[in-house]
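Got a structure for you, questions after.
Chain lettering (A, B, C and D) follows the sequence in which the chains are written, and residue indices restart at 1 in each chain.
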Amino acid sequence: MSQTMDFRSDNVASVAPEIMAALERVNHGTVASYGGDAISQRLDGLFSALFEKSVRVFPVSTGSVANALALSVMTPPYGAIYAHSLSHVNGEECGAPEFFSGGARVVGLEGEGGKIAPAMLERALASSGKGFVHCAQPAALTLTQSTEWGRVYSLAEVAALSAIARRAGLGVHMDGARFANAVAGLGCTPADITWRAGIDALSFGATKNGALAVEAIVLFRTELADDLAFRHKRAGQLASKMRFFSAQLEAYVADDLWLKLARHANRLAKRLGEGLARLDGATLVAPVEANEVFVDLPRSMVDGLRTEGALFFGWPEPWVDSPTIRLVTRHDMAEAEVDRLLEVAARLATQVRRSA
Amino acid sequence: MSQTMDFRSDNVASVAPEIMAALERVNHGTVASYGGDAISQRLDGLFSALFEKSVRVFPVSTGSVANALALSVMTPPYGAIYAHSLSHVNGEECGAPEFFSGGARVVGLEGEGGKIAPAMLERALASSGKGFVHCAQPAALTLTQSTEWGRVYSLAEVAALSAIARRAGLGVHMDGARFANAVAGLGCTPADITWRAGIDALSFGATKNGALAVEAIVLFRTELADDLAFRHKRAGQLASKMRFFSAQLEAYVADDLWLKLARHANRLAKRLGEGLARLDGATLVAPVEANEVFVDLPRSMVDGLRTEGALFFGWPEPWVDSPTIRLVTRHDMAEAEVDRLLEVAARLATQVRRSA
Amino acid sequence: MSQTMDFRSDNVASVAPEIMAALERVNHGTVASYGGDAISQRLDGLFSALFEKSVRVFPVSTGSVANALALSVMTPPYGAIYAHSLSHVNGEECGAPEFFSGGARVVGLEGEGGKIAPAMLERALASSGKGFVHCAQPAALTLTQSTEWGRVYSLAEVAALSAIARRAGLGVHMDGARFANAVAGLGCTPADITWRAGIDALSFGATKNGALAVEAIVLFRTELADDLAFRHKRAGQLASKMRFFSAQLEAYVADDLWLKLARHANRLAKRLGEGLARLDGATLVAPVEANEVFVDLPRSMVDGLRTEGALFFGWPEPWVDSPTIRLVTRHDMAEAEVDRLLEVAARLATQVRRSA
Amino acid sequence: MSQTMDFRSDNVASVAPEIMAALERVNHGTVASYGGDAISQRLDGLFSALFEKSVRVFPVSTGSVANALALSVMTPPYGAIYAHSLSHVNGEECGAPEFFSGGARVVGLEGEGGKIAPAMLERALASSGKGFVHCAQPAALTLTQSTEWGRVYSLAEVAALSAIARRAGLGVHMDGARFANAVAGLGCTPADITWRAGIDALSFGATKNGALAVEAIVLFRTELADDLAFRHKRAGQLASKMRFFSAQLEAYVADDLWLKLARHANRLAKRLGEGLARLDGATLVAPVEANEVFVDLPRSMVDGLRTEGALFFGWPEPWVDSPTIRLVTRHDMAEAEVDRLLEVAARLATQVRRSA
């Protein structure tokens, strides 16, 4: 569809050709099921190389499962999980963290740009009643990278939050549904922004950035793997034909495909953000650091964009009245798709100015 | 691989070309996520037509999830689920039914050929303490179709068990991981062996019979759908790129593909069973009604088959010493693969006879 | 101990003589266990008379259990429970509501004096994502009566909050750990402040107000009783020697004992509050409506009171630095105990003034 | 009631005078709540002396809670708990073990007299799929002492079962709802039959043997206490007026009261068993080793006893037709109550003989 201007999310995207090709490639002959196949067997090695550390990897089918399972091996049923108030863990998983942990509590914390403010974490821990039997016990911190505002935690920011968490005995998890975009944005190594900065477990996202349907839980604290193996099966995540999940992951990280795809999406977001920032009436409400653009627009412009066929959501929730819209770029987005939206927006901005 | 003799399971299989083609076909452009896409939206209609009744369909990524989620909407946390002692629900899901139901109990029942004996169900219900507050309360019956012994419940058998269950107020679930093989074996309609025989919810298997990774929970009691929708999301089963799960299901049922694939596997199983039955020393221990063959063989023959490269598992568990082996045929199995095993087996049988 | 000035809580109290006498009285002979005894059998009738409506009653051993079990029959595992941020349900039960509900989420709401502000509830419901499968679903509202600030919801306030809750399809629960103090404070009937104002289930407290250890879950929506009966047993709350719990409840409500005890405590709180309010440097920070007094005092006065042997806690948490202290009066408190504290406080206030 | 012949259970009994006196004695003044009182504080010491080992003690309100909580600190949510098929844990707690463990599975084992047969445990462990991710993982063994057939495991029997369990990495729990009767029957020390024989945690029963309502979880593996403390609170078992639970336990073990009470009940059971064994038509179906007698009687005799006012239950379940009845003796039973039943039974036996 030549007219596509779809900025709803990166999960409206297609599967990257390299990944589809990998699925075709492994689709012959018979292999051991439940992860006994050769590709699944080499995942630990593959990710250990990628992260420059011996890790354990568990493929899962969705990001919600990745987060909830990873947190479940750090959190007792009476534990508390600290998450940004805007995070998926806190607000978009219909109680999955509670379900997988057996009843833990998610505590929403504030902080600008979807990043937890260190002071907020410290305050929450100070008033948590740690060791006091009447209170849910601080157990885990989860950071969304990149954040729900398209922001990226710097290495120093992750390290600072991890340090606070560790002093309080918490495990530290990173929700990396858009990990590739964050790493591409930072230009660092995957190791730097994870375990070297204090992360114990990562939800390594792939679906939004070109996979068909797979995420990986990467455990940097490999002693958690025995527990996770059983929870993973019990959650129905041990796929019988695991090769088709593992092959996606293998193709995704081969030859830095994941970073190439993310860099493309990030570049388009940058282009989109810069283009919008130049328009009268448009105000970027967050720096563009990954593949999302947040912009305040006059109502008439928002309506006009929709009339012209642009797809996107209001922010923070579709059902909340707000001048802010979210525009997400994708691995499979053509530059022309961005330019089309900018063109329409520019036209609308002119009209707004005239009618003002 | 010309030498393949892989009878380990139907989940060592590849993806059927028609289904892979469907994945390729839908892999373009952007579509609404989380099931908002056109294919996902028409699944209810598609399956309603297939089952000649208004149904609700929920795609999931594995059979364990399908079973556990389907049972969870019929079973309170203090409920009891009646399952055959050999069934996956009872023994192979690492506590998934308990997890998804919030702590229900699975009660294993006996019966020949993996089929629950009606008398066993009646006895269990009579001694269950129904209404007695000290006892887990009978809540659901689950039938595996085809069974762990490759047997198929007849329409009358399903109806009889369902009737007993309904009189006791139980919901009735069918674990159809090999539903296609059962329907192909029976030659009935999908409706006949499910809701018309008293089934409330079906785990409609596709993965073992040609899909990449998808199963469908089909609710015949559609009033359970509201509850299931939230449990489905909370279990992390609402895939963001749902189109790729839905497209598998659509291709799977289009033009009776599911039945064609199953008929092929069933035919090979028949051929295999008949061939083995003719051999000295081999004893079929169950009639071949779907795509599995169970045969007792002399130890030397079992070892000989393995030496020649045949792959299969001992039965009922790999770690239990038993003369019985299980041979599973597949949608993608060549007739030559069966004939090769028969040929090797015939040769070994001759040797056994000579040395006797 | 003639010097006692114990204002820590009403749960430091003794058992009322009438209740201890009842325990002695029923302590002879044998009776049916697990609630089959005559006293347990007449509880439903007794409370139906007390509440002027047919109710179902379940004795439990603690207030945490009462709250968590009552909420569990209104809340699916993916539900959200709305509670005041200061309430026991939200902060003092170590995850009991999550545990008993199978993983529901407690959402803390604000409001002056420990009362949920209607606007806060409305705002929370509006942004809850009701019906949106990604979000925990609004299920129950719980009101603490009297509140953690010793305040009492008026009939109109309860009715207004219940009405909002009902419009959104929520069940409404009242945590009445100090229900007697609230009813005594309001001078209304138990019916007026509960089901007539929209309450579906009540945690009817007795332990703090003179029982040895018993609370009652009172269901005004009796259709919830079947589910609760099994959850009650499963939670280990069906006492084998139930008569000793039921007898406490019977004695507690006989001849309005519960109200007499509460009126006494309330009167002392009033006296204490009025006495403190007259002192220089002391500021009541909440009206005295039940049996708790909250007062801001100069640090030297707080220290002086402690030196003189007065027992009490800082507020809102022992570990938080705050000028506010909480003073709780009890059913078994002598007026002299209050007067002693007032006398010491008056002396300290004079010293403070002099040194100022 | 001079006519009482109540052999239904030991939980139809009264509270022992010494325990009621203790409740009266502690019922004055104010004390710290939630276990901060002096009696609660000395429980660990008291039980450490009793068991000749440093232990941790948690009072709870019922035996179901004691069992389920004790097992929950040994069992992951995907764990399996091995229990006798007749045990309370397996059949009489409405899913409490599943609830408190977060979904573990109870596996019922057979064995004569309610004692798990070592061979049965070994067989179950051998086929459990330990380490195999598809299977619930063996986690705990629970032994009921004395058993549901009134039998007592010898020291050697407990040690043998514990040894098997430990080799498989299981925790070992003893359900001692009738622990006093077992110890009295064995004439050993409490230490001998528990930790010295390999027990990790004990449900130390008191309610059936003279308490009002209290059981104690005794942890011999004290490293489990930190986890248990939070689970105990979360289950609503941290009583605010804990002194009244702790005082029962203190009085119960003071001066060997618990053993005196149990010896009395055991002696009456012996007397009852011997008396019945002498009657025509009566057959003891289990040796009398604690405070329960199981006897097969002609139907007319069973009916006759009931007509004469004797109270007792059929065995194994009230609703199952069986010639066996269970007669339970109590701490507060008069010898005359036993003699009365024997007298009636003798008379009925004569009539049966005559009519034969």
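Throughout what follows, a contact is a pair of C-beta atoms (placed from the backbone, for glycine too) under 8 Å apart; a residue touches a chain by one contact, two chains touch by 3 or more.
Everything quoted here is computed from the prediction, not taken from an experiment.
Visitor: From the centre of subunit C, which other chain's Cα mean sits the farthest off?
Guide: B
Visitor: Which of these, A-B, C-D or A-D, gives back the B-C interface, meaning over half of its contact pairs coincide by residue number?
Guide: When the contact pairs of B-C are compared with those in A-B, C-D or A-D, A-D matches.
Visitor: In whole angstrom, what separates the CA-based centres of subunit A and subunit D?
Guide: Averaging C-alpha atoms per chain gives centres 52 Å apart.
Visitor: Centroid of subunit A to centroid of subunit B, CA atoms only: how many Å?
Guide: 35
Visitor: Centroid from C-alpha atoms only, then distance subunit A to subunit C, rounded to Å. What do you get?
Guide: The mean C-alpha positions of subunit A and subunit C differ by 43 Å.
Visitor: Considering subunit A alone, which of its residues make contact with at least two other chains?
Guide: Each of 34, 77-78, 93-95, 99, 102-103, 133-134, 137, 230, 233-234, 238 in subunit A touches at least two other chains.
Visitor: Could you list, by residue number, the parts of subunit C that touch subunit B in their complex?
Guide: Where subunit C meets subunit B, its residues are 34, 76-78, 102-103, 133-134, 137, 227, 229-234, 238.
Visitor: Spell out the part of subunit D that touches subunit C in their complex, as residue ranges.
Guide: By the definition above, subunit D touches subunit C via 1, 4, 6, 8-9, 11-15, 20, 23-24, 27-34, 60-66, 68, 93-96, 99, 207-208, 212-213, 230, 233-241, 244-245, 311, 330.
Visitor: Which of the residues in subunit B end up touching subunit D in this complex?
Guide: 77-79, 91-95, 98-99, 102-106, 127, 129, 132-137, 317, 319-320
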